[in-house]
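Look at the two complexes coming up: subunit A is in both, with subunit B in one and subunit C in the other.
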Partner chain A sequence: MASVLGVAAQVNEAVARKIGAGLRAASQGPPDTLRLVVAPEELRSATEELLRLRARFLITVGIDARPLSADYRVLYLFSLDGEHLFVVLECAVSPDDPHVDSIAALVPGANWAERECRDAVGVTPDGHPDPRRLLLADDWPEGLFPLRRDFPYDYRPPAAEGVAPVPKQPPEGASVLPIGPFFPVLEEPSYWRLFVEGETVVGCDYRGFYNHRGIEKLGESTLTYNEIPYLAERICGICGFIHSTAYCQAVEKAAGIEVPRRARYIRSIMLELERVHSHLLWLGIAGHILGFDTVLMQTWRMREPVMWLAEEISGNRKTYGMNTIGGLRRDLPATVVAKVLKVVDEVERESVAVRDAIVGDTTLLARTKNVGVLTGDWARQVCVVGPPARGSGVPIDARLDHPYAAYDEVPPRLCTQQAGDTWARVLVRVEELLDSIRQVREGLARLPAGEVLAEVKDEIPRDRIGISVVEAPRGEAVHFVMTGGDNRPYRWRVRAPTYPNLQAMPAMIDHAAIADVPITLGSLDPCFSCTERVEAIDVSTHSRRVYSRQELLAMSRELTLRGGRR
Partner chain B sequence: MLTAKLREALICFKAGRVTLPYPFAPHDPAPGFRGKITLDPDRCFGCGGCANVCPAGVIQVRDAGQLLRVLEFQWRRCTYCGRCEEVCPEQAITMSQQFETATDRGDDMVMRLEVFMGPCQRCGRCYVPPTPLDRMDRTGFRTGSGGRS
Partner chain C sequence: MANPWVAFLLVPLIKIVVILLAVILIAAYMSFFERKILAYMQIRIGPNRVGPRGWLQPIADALKLLVKEDIVPARAEKFVYFLGPVLVVAPALLVFSVIPFGPAFKLFGYEVTPYLTDVNIGILFILGVSSVGVYGVILGGWASNNKFSMMGGLRSAAQLVSYEVPMGLSVVTVLLMANSLSLVKIVEAQKQAGVWYFIPGIVAFFIYFVCGVAETNRNPFDLPEAESELVAGFHTEYSGMKFAFYFLAEYANMVVVSSIATVLFLGGWLPPFPNWLAAVWALPALAWIPPIAWFVLKMAAFLFVYIWFRGTFPRYRFDQLMDLGWKVFIPVSLVNLMAVGLGVLLIGGK
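Moving on, here comes the complex of A and B:
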């Protein structure tokens, strides 16, 4: 702890040296969070200084603070991974002229975050490289900002006619191949326009957020602190526990609530069980995309007992409803512990068998080696997280960098690969799967006795901030909470791992073959979503060809049958 | 290559039959599963704590005159979190094991409970504080029995 405070003091000093009086205030809320209030005109210099200290950008949070201090606040969240410290750069922006300098040129990974802040709160990033709409629907009226406090959560603007996304111009001579807005390997409805020359992808354009449901608004307008975990765990259809854990931890951190040790261990165990079933699910989907359905059938068979286990522990196979502020609602009975051990033994035995079978499969290697390469340098710049980052040799893992739950006592092994291709991401996930099983065993062996819930007797104080990161199977999820009065957060911000990871896609599919695009997207592990179609438009003739989902899958599989020969 | 394929084939053969015969044979959920809520009208004394904590807003409470309190459960919205069961001071709500709840009639998804109330002549309430009602009123966190009681 002392070292964290020491690092915080050093960071504070370094920023103060760089921007002088531009640093208006510095404070430390939770011990691992340094909050620096900087003048808006010094934001870029402060960011440069943090980058020099090897800080990693997480997300921006726009807050309409007009009822509190008559301004908007834009918070830039950074993480100093090795030093276990979060740094928040906070700018107060005048409501008369809500503009702030864009940092997207310094941090390419801030591209979406700044656009989202503009769409939701109405603070425009000046000098942004791609200032198109991101979050809001194309027919949403101009000048209406849903996350402003005076915007009612149930307001429905009238529908507009004749609107469309603003497309990016393809390079000269290239054709456009749209994928989506509904496509099976994407987590949510999202619309990719691939610019192709023949079979080769030379660029792409993205439009997404069709599934945006405004849950952050609900969290700060109608729900209360203890109702949000049930909404949070529904953010992801596979790894819900990470979101309810991250939210509860953020509130606990802000309010200074000490969670009982036993509850922290059970959270760890649940999170690792979730990783086990999620990675098995991903392995199956990756196989399915490549036309290797044996892997799909077998890994999904292997993961089913883990789902049943979750049902027995929590009362439901997916929406566990276990987390609450202060700990857990359910204890782990001793009778279930033996079952958990039995199931993970079986899953481990079978996972090892599958791993040993697929590592020698030359067809699989041909389809994944050197496909969708993400360089370590670009991964750092776009702030990629999770297995895609570790597969590109970026040694980050929220469980080690910002230990939470019981990871301080049962730490994970850091699984990294250097190649950065799809095969490297497969290896990282398989290794993590086996390591998760080890952690479940170790956690159960060391499970302390005692309570699982700390009763919160006092009101949660206002205007405190809490940042919590949780290493989801897909990468690091970030939850930010600023506490408010009336028993609910003033602002709740969620950043799921796919948010930064999808931003790395353009580089990963550059100069790839069209048939490699599905597995490259799939290798980022966005959750599997809906059934759809893909259509190709030849720019010069405007002729149109509609590919069905089957045809595109068939293209991908045909390449597998050719043994990956292009 | 060939060994890889043989290993894969072996995994498939070992798996055997996996599909369960459900619905031709019953498939009971694990103990502790949170299914459809059930109400015990004799136990409910109308405190409305369940309505206070329900994240999905399933439960509406309204008073008809001075003597009747109506609790309406629009449980098509129910997310089966079990918070109502947890806070109910009289165990009037419990989560059953029932999961086969599909229906083509909207009325099936509404439960209505009428509780006869006898308000105190002096204060308008029925109980000496601290009552379970005071616990419901507290903001922040409310403790519970742990869902499994």
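Moving on, here comes the complex of A and C:
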């Protein structure tokens, strides 16, 4: 810990040297978080200095702090991976003219984050390269910012006629091929407009966030600290435990709650079990995209016993409901340990067989080698995380860079590949899958006895911040919490791993064949509902009539309000 | 056979009806077996709800397609859109008119040939007619006024053109050996030679079948309808009976390719080693097997391989498919053609 303090002091000093009086305040909230309040006009210089120290941009958090200090705050979260340190650059923005300099030119990976901050909180980034709407629906009125404190969580603006996303113009001579919003191999809506010349992609445009439902807003306005884990868990349809863990850890950090060691071990074990079934699921989907359904069927069969394990441990296949602030609500039953070991043995045996089969398959190799290449340099600039980053030789892994749960005692192996192509990402995931099994075994072998829940007796203090990262199967998930009154966070910010990873897509499919686009997108293991923080809905109609786009939109909104009940 | 009405109208009509029904039935049940076998390969059960063990599934599918709404895109080129499925299905069925399912036999004192006709340019006829099918695909893809359909249609055209060449060359090796274009004569030549042509023509046999898979747009060469890239390719916009036509044509074409492979390379209706084991086949225990059973058995084996491929290979990418056709199959089949030609010259036509 001493070294972290030392590094924090050095960073503080370096930034102070660079921007002088522009650095207005510095504090260390949780020990691993350095919070630097900088003048808005010095934001770019401070960012430059952090980049020079090899900091990695995580996400932007816009906070409507008018009730607290009569301003908006924009927080830029960075991570110094090698030094296990988070750095927060905080700007106070005047509510009369909420503008802030864009850093997207310095950090291409901040592109979406700044647009989202503008859409949700209304702080406009000046000099942004692509200031189109990102998050809000096309018919959302201008000047209405849902994450401002005075915006009621249940307010519905009226639907508008004749609106459409602002499309990017294709280059001369290229035609547009739509992939989405609904497409056979996309499990969730996402709209890519490919600009193609013949079968070659020469550019693309993206419109997403069709699923945005304001989960952060709900957490800040109607739920309490201990209710949010159940909502967080429902952010993702596959790796929900990731999000509840990340949220709980953020609050625990902010409030300085020490989680019992046994609970940390069990969190690790559940997280790794989740990675096992998630990677198997991904492998199947990748096979399906390549027209190789046998892989899909086999890996999903292998995955099923892991889901049964989850059910036996938590009562549910998916939403475990185990996490709570301070630890776990439910202990690991002693009887289940032998079963877990048996299941992971079987999964390991079969995974090795699958690995040997796919490594030797020349067609598979031809379809993935040198396809969707993401260079290490660009991966760093767009702040790509998880297997796509490690497949491009960027050695980051939240479990090692910011150890949480029991990863300091049972560390993972860092699986990297240098090539940066789809094949490299396949290899990384297969290796990780096997390493996760090892970690589950080790974790169970070293599982300490004791309590699983630290009782939280005192009220959680206000105005503290906590940043927690969790290495989800798709990459690092970031949760930021700023504590507030009324037993709920003042601001809760979620950044799913697909959020930065999707931003690397345009470079990966540049001058690729159309046939390579689905597998390239698939190789990112995109999870749109995480990115957009929603739950899935579906609309079914029985009577026979023609619905206009407006009517369908209105119907689906109504259905959402009914909570999905028909 | 004295009455020309009987000889030239009644008998051919009966044969046409029987062959068409058989082909359509085989195509329908091929889809059933595909789903079943693929399911077993992928540790699933497959269709098992309609009728005993799902046996009536193809009937239910056909009925469903018959009564389904037939949607025509508002901005489609109506006439060509309608023409597409017809152009695809007609050649696929027409080809069966020259395929010999067995040798002539006597029925009630009349000589009956279990094929519609034996034209002396049979194989040329097949190659010519089956090539027309691609027009249906291209026109259907173009007329749908949909980018995915268009792209699928274009891919199909490129694929067909590339794979016609090596396929034709591998057929020529058989012609060299058999010294005839008539399918019946080719089978009889194999009987005389005492060996099926796949043994001397193993390379041509392999190339023919792979090209056949490519020509029928089947996995791993099912790019024109690659779901993950092009939704459903050229038939994205087709529904109801028009879609059923495309579907029928695809399966009928698989039967065509399998039948031709059977005739050209596996001795058609001949039993294995027709001369060498002639005594065995004449045994009372085996003599009852009609020649047509051998034909069906061999054809079914090919159809099974189709399904097996689908369970085993990922899809190729378009340029990889083209590379394979132009850079591998065409040179190899050219060299093979010369080698077989030389062999025929030296050993003499078998």
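One rule holds for everything that comes next: the second predicted complex is superposed on the first by the 521 of 566 C-alpha atoms of A that agree within 3 Å, B and C clash if a C-alpha of one lies under 4 Å from a C-alpha of the other, contacts with A are read in each partner's own complex, and residues count from 1 in each chain.
Definition applied: contacts are C-beta pairs under 8 Å (C-beta built on N, C-alpha and C of every residue); 3 or more make two chains touch, one makes a residue touch a chain.
Keep in mind that this is a model prediction, so the values were computed, not measured.
Partners subunit B and subunit C fit side by side in the overlay (superposition on subunit A). When the two structures are aligned on the shared chain, A:514 is found in touch with subunit C, with no touch to subunit B. Contacts of A:311 after superposition: subunit B is touched, whereas subunit C is not reached.
With both structures placed on the common chain, the touch criterion links A:287 to subunit C but leaves subunit B unconnected. In the superposition on chain A, contact of A:367 is made with subunit C only, not with subunit B. With both structures placed on the common chain, the touch criterion links A:353 to subunit B but leaves subunit C unconnected. Shared-chain residue A:463: touches no atom of subunit B or subunit C. Once chain A of one complex is fitted onto chain A of the other, the partner contacts of A:71 are absent, as it touches neither subunit B nor subunit C. By the document's definition of touching, neither partner reaches A:197: not subunit B, not subunit C. More subunit A residues lie in contact with B than with the other chain of the pair subunit B and subunit C.
Contacts of A:175 after superposition on the shared chain: subunit C is touched, whereas subunit B is not. Taking every C-alpha atom of subunit B against every C-alpha atom of subunit C, the smallest gap after superposition is 6 Å.
Taken together, the two structures place residues 294, 297-298, 301, 361, 363 of subunit A in contact with subunit B in one case and with subunit C in the other. Of all residues in subunit A, only 175, 177-178, 183-185, 199, 287-294, 296-298, 301, 361, 363-364, 366-367, 513-519 touch subunit C in the complex they form. Residues 38, 41-44, 147-148, 151, 219-220, 222-223, 226-229, 231, 311-320 of subunit C are the ones touching subunit A in the complex. Across the interface of their complex, subunit B is touched by residues 223-228, 230-231, 234, 294, 297-298, 301, 304, 308, 311-312, 315-316, 319, 321, 324-326, 329-331, 350, 353-354, 356-363, 452-453, 455-460, 486-487 of subunit A.
Taken together, the subunit B residues at the contact with subunit A in this complex read 1, 3-5, 7-8, 11-12, 15, 18, 29-34, 53-56, 79-83, 86, 95, 139-144, 146-148.
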